[in-house]
Structures are given as C-alpha cells and as structure tokens.
C-alpha cells in the first residue's frame, strides 16, 4: 500500500496550555517539522471528544495526533487523565473499524518541549506515510449521508 | 413457457415470493418458492460476547423473539457448562408458555383460522378477524385482543418488554417473580386455560361439524407424506422448552431420537442459487429434491409435526384433545397440512395448562434466579420449540466466552422444502392445461402456505385485509400477458 | 375533508416493528379512523405495483421500518420517499441500521462464505451461492442484490422524523402518532415519541458516585438490587442512550443495551458511550487502566450495538486487495 509521493494528512489536536505552546515554540525556533500536520487547538486534551477523532478520519485524515500536558500538569487538574483513560479505548475502537493503531498517537508535550514536538511529528508522519493513505470514504466504500435539501419544514 | 410470479406472498423472516413456470400446454412445469432476504446473523455474531447473543439473535425475528432469546440462552448456558437454578428454568418456561398462548391465539383467530371459521369460499372481505367476530360473536374480538395483551404482560414482567425481552442471561434469568406478580400470573394462566378450551370448542362447532371443511382438510391437494420432528420429554410427550429431538417416519414409527448437541449428525442444509434460504433435510436419508415420501429426507416441524413426533401431551386436557384429533383424522401420523390448525389449538391448550402449573409451583417465587458461570466456555447447542418449529442455536467461543462461530437453523427454515412442495402440489392440482389461472387458485395456494404459519402469524391480520397475492403470467418472451390479483 | 393517507413499510427488519405498531392495541382502530391506511403489505392487501400508482407526495405519512441491505430495499426507500410528504424512520433499524448494521464489520463475501459454505450443517460441495440472476430450465428467476454495507434510511433518502427503539415501545409509538395527529410537528430531523435525556435520567436505580476498578460482563456479576449497574462495574449503555423506555431492561435486572439509539445531541453513539465508560475508571495508572479495559471484549459491538451503520465511520474498512 506504500505509495511513492504520498503525503499523509495528519490532524493534531493540541491542548492550548502546554502542547500548543510547545508546537509554537518549535515553529518559532525553527525546529522543523513536516507540514503534513494541521493543528487544531483545544482548551485541554480532556476536551477532545472521541467524536473529533472519528470525524477527522471520516474527513480524510491519515493519522491523528493527540497531545496534552504531562500527567500532573493539566491546567484543569485531571483533563489529561480523562484522555489517558479514553485513549486505549479509542485505539481499540479504531482497530475494530480496520484503522491501524499506528494511525493514532497520544503524547505528553510541555510548553518547553518544542523539540520533542518536532521529533514526534516527524516520526509519526513517517510511520503513517509507511502504512499509506487511509482515504476513508473510498476504503470503506461509503460516501457521506444523503443531504436533505428542501427538508426545512414538514406538513401533512 | 409462461412464468407466474406471486410477489410478495407474505412475510417469512423476510419477504417471500413464488415464481411458477407453465409449459406450453399450460401445465405447471415448476414452482420456485423464493426468499429474497438475508441479514447474515451467522457471520456478524462472530466476535460478540456470548452472553449478548440472546439479545442480538432475537432480532432475527420479532414474531418469535422469545424463542430465539431462550434457544440462545440455552446454547450460552451450554457453552459455559452451566446448570441453571431450577427456578430459572421454570421462569423461562413460564414466559415461553405465556408467549405460546399469545402467538397461537393470534394465528388461529387472525391469520389461519378465518379460512375455516368463516369458510374458504366466503367472500374475501369476510375472511379475516372481523369475519370471525361476526360468525362467533362480538365479544370474541375483544377476547382475542385481551388474551394477547395479558400474555404480553407476563413476558414484560420478566423481560422488561414484550418484543425483544431482556429476561434470560447465562446462568438463569435476571428477574424472579414476587408473590404479587405470581398471583397475577396465575389469574392470567387460569383465563388462558379457559380460552384454550373455548377455542377448541369453536373449532369443533364450526369446522368439525361441517363435512365440507373436514373433506378439505383431508383432501389430497393438502397432503404430503414426510418425516416429522419435535422435542419430547422423557415420556415422549410434547415439550416446548427442553428434551430430546425425536423424528418419526411417514408411517409414524420412531426414526431417531437425539440430544440437541448431536444435531449435526442428523440434519444437513442444502443451498440453491435462486433463493437466500437454505433447505434442511435428514442426513441419513439424503436430499432427493422437493419430493415427499419415505425415501426423501424432507421433514416437517411446527404444531402438527410436534404432535406426530410425540406420543401425547403432558397435561390432561390437552391429552384428551390430542386423542380426539387422531381418532377423528384416522390415526397417527396425520399428513394433512391443514390439520396444523387443529394441532395448534391442542398446543394452545397445553401451553395454557403448563403455564398454570408453573404459576402454582411453590418454587416459582424463589429469588435466586441466577448463578455465575464458572467453567471455561467452549461450545454449546441450545434447542427449543418455537411456535413455528424446532429452533437450533449452536455457538463456539474462545476461552473468554467471545463467540467464534455461530450456526442457526431457524424454525420455519426446517419447513422450507415442505412448504415449497405444498405450494407446488396445490398449484399443480389447480393449474390445469388450457385453463386460465383464476383468483380462486390464489386462496388455495395461500392456504397451503398459511397452514405452516410462516412467521407472520402474529397480530397482523386483525385489520381487515388479506395476504397480498398477485400472480403474474409471462409468455415465453417474458412479456406480461396476464395478472391475476386479489383486490 | 378527506383523511390523511398513511403508509407503513418494512425492509431489512425482523417484523418486531410491525408488531410494535400493533402493540398500541385497540388504539390501532383510532389510527384507522384518523388515517386512510393506503399501504401496509404485512397486514393488508396492497402490492408494490399499487404503490407505484400513487402520485408524487400523495401519501401524507409513511412509517418506514428496517435497514437497507439489498437493492430491493433501496428501491422501496426511494419510491416511498417520492410518494410521501413526511417520511419517518421507525425503529432502530431504520434510524441507525439497528442490529443488522453490525454486519458492517464484515462484507458480502465473508457473510456468504459463512452462511452458504462454512456452516457445519451445510451440504454445499459445489460452493453454490445465491445469484441475482438464475437461468433455470423453465426460465429466469431473479433475487435482489445483496450489498456489502448496511445503511440507515437517511443515508439513502432525506427523512423528516425518527422514532427510536428496537422496537419502539407502545408509549413511544402512541406519543409519536399523537404528535402527528395533533399537527404539533417539531422541526425536521427531530425524534418523536421518546425523551430528550438519557436512559440514566429515568432509570429507577440509585445513583451515587461512579468509580470502578473492573468492568464486568453482564453474566459475570450478580447485581445488587436497586443500585446503578455501572457503579457496580456492569457495562450499561444507559449514559449514551436516549430516554423514553423508562429503563425497561433495568427493571428486569439486566443492563440497557442501547436500543433507543444516541441520546439527544449525540452525533456518534459509540464515541459517547466510550467516553462515559472511560470516565468511571478509577485509576491514573496506564497499566491498570489497560487491565480494566480488558473487560470490554468487543468494542464495536458494545459501543455501536444498535447503531454501527448510522455512526460516523459506518463500517469496517473493506480490504482493497480483496476488492481489487
């Protein structure tokens, strides 16, 4: 499935306090990381509803990165603990859909760890590149559900 | 060659259709009874925790969910080598008995019965529950609705709801009966016994008293000679919940008797490319095609088959009626397909009597309705008698009790070949060379089909209406030349 | 004034939804008084060809039950959409794909292989499979195409309303019909007849704090009476499931299986259920968390029991090699 020239689309959900700041630092201090990642800033990793992850894959992501503060450092006390409990279930669920566990990753990245962020993104992108495109709507043979034009009002 | 399509005939765990081909002289060349429906439960139950199969598999059929629920629970108990508390067994049987009363009631009064009570030649508009009401009195319509409602109440009491109850689990049942609930059940059971007696009287007064009807039941168009299968207890009496599977040959002699778990030594299912439904037959005899007789592996299940396969009924009133039926119809076994209606009423009475017995059982209010299975799960078969026939669930799991393989032989499917033959026979007798295929033929074919109560025997016909039937006749260029239709 | 026209139809369905409509008992006669029932193949003598004769939007209300599994189902869905002013998905199968939607973890080929070849009671040496077109000696016999993927009704055609449940309970059906009869139709896309909370909120069991060290499968623990099952570690779909049944299964001492579908506002029932379960885990230790999660042996079946087809990802990936 490995395709030459394939550039994976990665969605990164980063908590604003630690990981996003870390990513920002990586950007400004020119620690290069691949441009494959599209960053979505959230208040806290605990606020990343699994629905976001499913939607990301549905919308064509090849990989999803979740990053939050190190355990103990969450600005909402235990938001990242929630993430930690949810994450393994998320992986199991995705495997049930036939989505390889290598396509999702959880990392703790502090505001000072610009370099770590850059390494993680590089490594993750390379791994996703290796397994190849997911292309959900095609692979699963499903398109998005019927739109409902003109269904504004119902009258008998 | 002309082609005739009846589409859809009625529900059979899906939709059914009959395609008939006439040769150039207008005689029936062949009839295909087609089920264009498959949902694939045997595949997608793989990977599921085995204790959930009794929740998933009833969704095969919302007409007999209780039967699937219990067959599944028994199979899962067997997977865990788990002996369930005796009160749990009784509660399951009690729920099943109440369900049987409701289901058989519906079939007789709303679906199959009208042909007899009102008459097969009555105007179509009267051949339904309203016609029955007119003939036997107004209060009976209310009685039927009430009988169903009170039996539903019993199922809901134990399973939370009537369609797709959540009552049994591996190791027993979730809920027991309080003394108050038991009393309620007993009242319902007493009423059910009276209703069972009354229903047989209706049959006696209206059907048996009329020679024309009896002649119809015993006529050749509705007779096929097959093997019969059903669950029996240790005294060879009919049992719906447990026992051994007994098969008798077309002469009524015991052909085999086996434990549920050995079913694979006895039953085989054939596949035909023109239908989604398989054709089970007796393994040791083999598949001879859609033909009857001693040399054909075709067998039948459901009320008449159960009575044929047993030596009697386990409750006194039903036993009397059992004897009367065989005396009247000339001894065992009875091969008249339409006698299923009578057999169904004998069973209704048995179910009600058994229901009553159970409500009076001192153990029935024991609150310890469940045990936790402890043995290592592996493989198990569960069999019950669903109203429409012997129902097999067979599961294999890994050591965590996660399902690896599932095999199901659903009640009506056992009758698949026989239904096909009955239809063909009725049609062949009626579609004669040169004659137009008329509306009258439709009801005759329909009756052959309906006697088996192929799964949509429920409340469905208590509105004015008929099983939809349409025959399309095509000429050899597949051009539609005629449509015969009831409306 | 002429009576509004009502149609009922089924597709990949177990028939339980048809029974459920009749569960309203004598009120069915009210329905017959209010509506002119023009199509109901399971109960009355109407044919598909009768349906084709209707003018566009001539049917006022259509209750549609069952999922879309074959080409015939798709055809019927489109036809009824065209003929109906208001199309209602009735029951879990039509709303979310229901239990048959669990087949979306597999495809046509693996299902056929199992059902027609592997099954131990089969006798099928020549590996015969049902075919759409069959040339029999006497003529052509056709059956509809079986799709790889089960779909919910709204994935095929636009749908105005949804009535949840497997099947909808009597009170749900009746409430929904009343809403329609009284002309109190809510905004398009609404659920009718059920609640807008979760099953937990109407469950009779006592709720305290949910903190658990182990998940139990329902048959492996005797629940304490009256106490919330999830607090005892028994997996229960109540927190993710729409209210309306008043906790029917809980009253029978077994957990909610999720038949009323995603609770109000929930986009993906699995995501919601998963979050709810994760949130009761009493541990901050990765290893321990993983150990606790071993209690969930079938994530897809547990989280999407009645709604895989209607979920965001809808099915398991179909392997391209096999398809190619």
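Order of writing sets the labels: A, B and C. Residues in every chain begin at 1.
FYI, a contact is a pair of C-beta atoms (placed from the backbone, for glycine too) under 8 Å apart; a residue touches a chain by one contact, two chains touch by 3 or more.
Note that the structure is a prediction, hence the values are computed from the model and not measured.
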- prompt: How is the touch graph of the chains shaped: line, ring, star, complete or other?
  reply: line
- prompt: Taking every chain's C-alpha mean, which one sits closest to the mean of all protein C-alpha atoms?
  reply: C
Task: State the pair with the higher C-beta contact count; candidates are A-C and B-C.
output: B-C
- request: Express in whole angstrom the distance between the two chain centres, defined as the mean CA positions of subunit A and subunit B.
  value: 53
Message: Based only on mean CA positions, could you tell me how far subunit A sits from subunit C in angstrom?
response: 30
- request: Could you please state the distance in Å, as a whole number, between where the Cα atoms of subunit B are centred and where those of subunit C are centred?
  value: 25
Query: Which subunit C residues sit where two or more other chains touch them?
result: 105, 300
Field: Residues of subunit C defined as touching subunit A within the complex
entry: 4, 60-61, 85-86, 105, 148-149, 152, 154-161, 180, 183, 185, 188-189, 267-268, 270-272, 274-275, 277-279, 281, 283-284, 286, 289-290, 293, 296, 299-300, 303, 311-320, 323
Query: Which part of subunit C faces subunit B closely enough to touch in the complex?
result: 12-20, 22-23, 25-26, 28, 32, 37, 40-49, 69-70, 72, 98-100, 102-103, 105-106, 110-111, 114-116, 118-124, 128-131, 134, 136-141, 143-144, 146, 166-167, 169, 217-222, 245, 248-254, 257, 259, 297-298, 300-302, 305
- line: Seen from subunit B, its contact residues with subunit C in the complex are 1, 3, 7-8, 10-11, 13, 15, 19, 21, 23, 29-30, 32, 34, 36-40, 42-44, 46-49, 51-52, 55-56, 58-63, 65, 76, 145, 149, 152, 158-167, 169-171, 174-175, 263-264, 267-276, 278, 280, 287, 370, 372-373, 394, 400-402, 405, 407, 409, 455-456, 458-470, 474, 478, 485-487
Query: Where on subunit A does subunit C make contact in their complex?
result: 1, 49-51, 53-55, 57-58, 71, 78, 81-82, 84-86, 88-90, 92-93, 95-99, 136, 139-142, 145-156
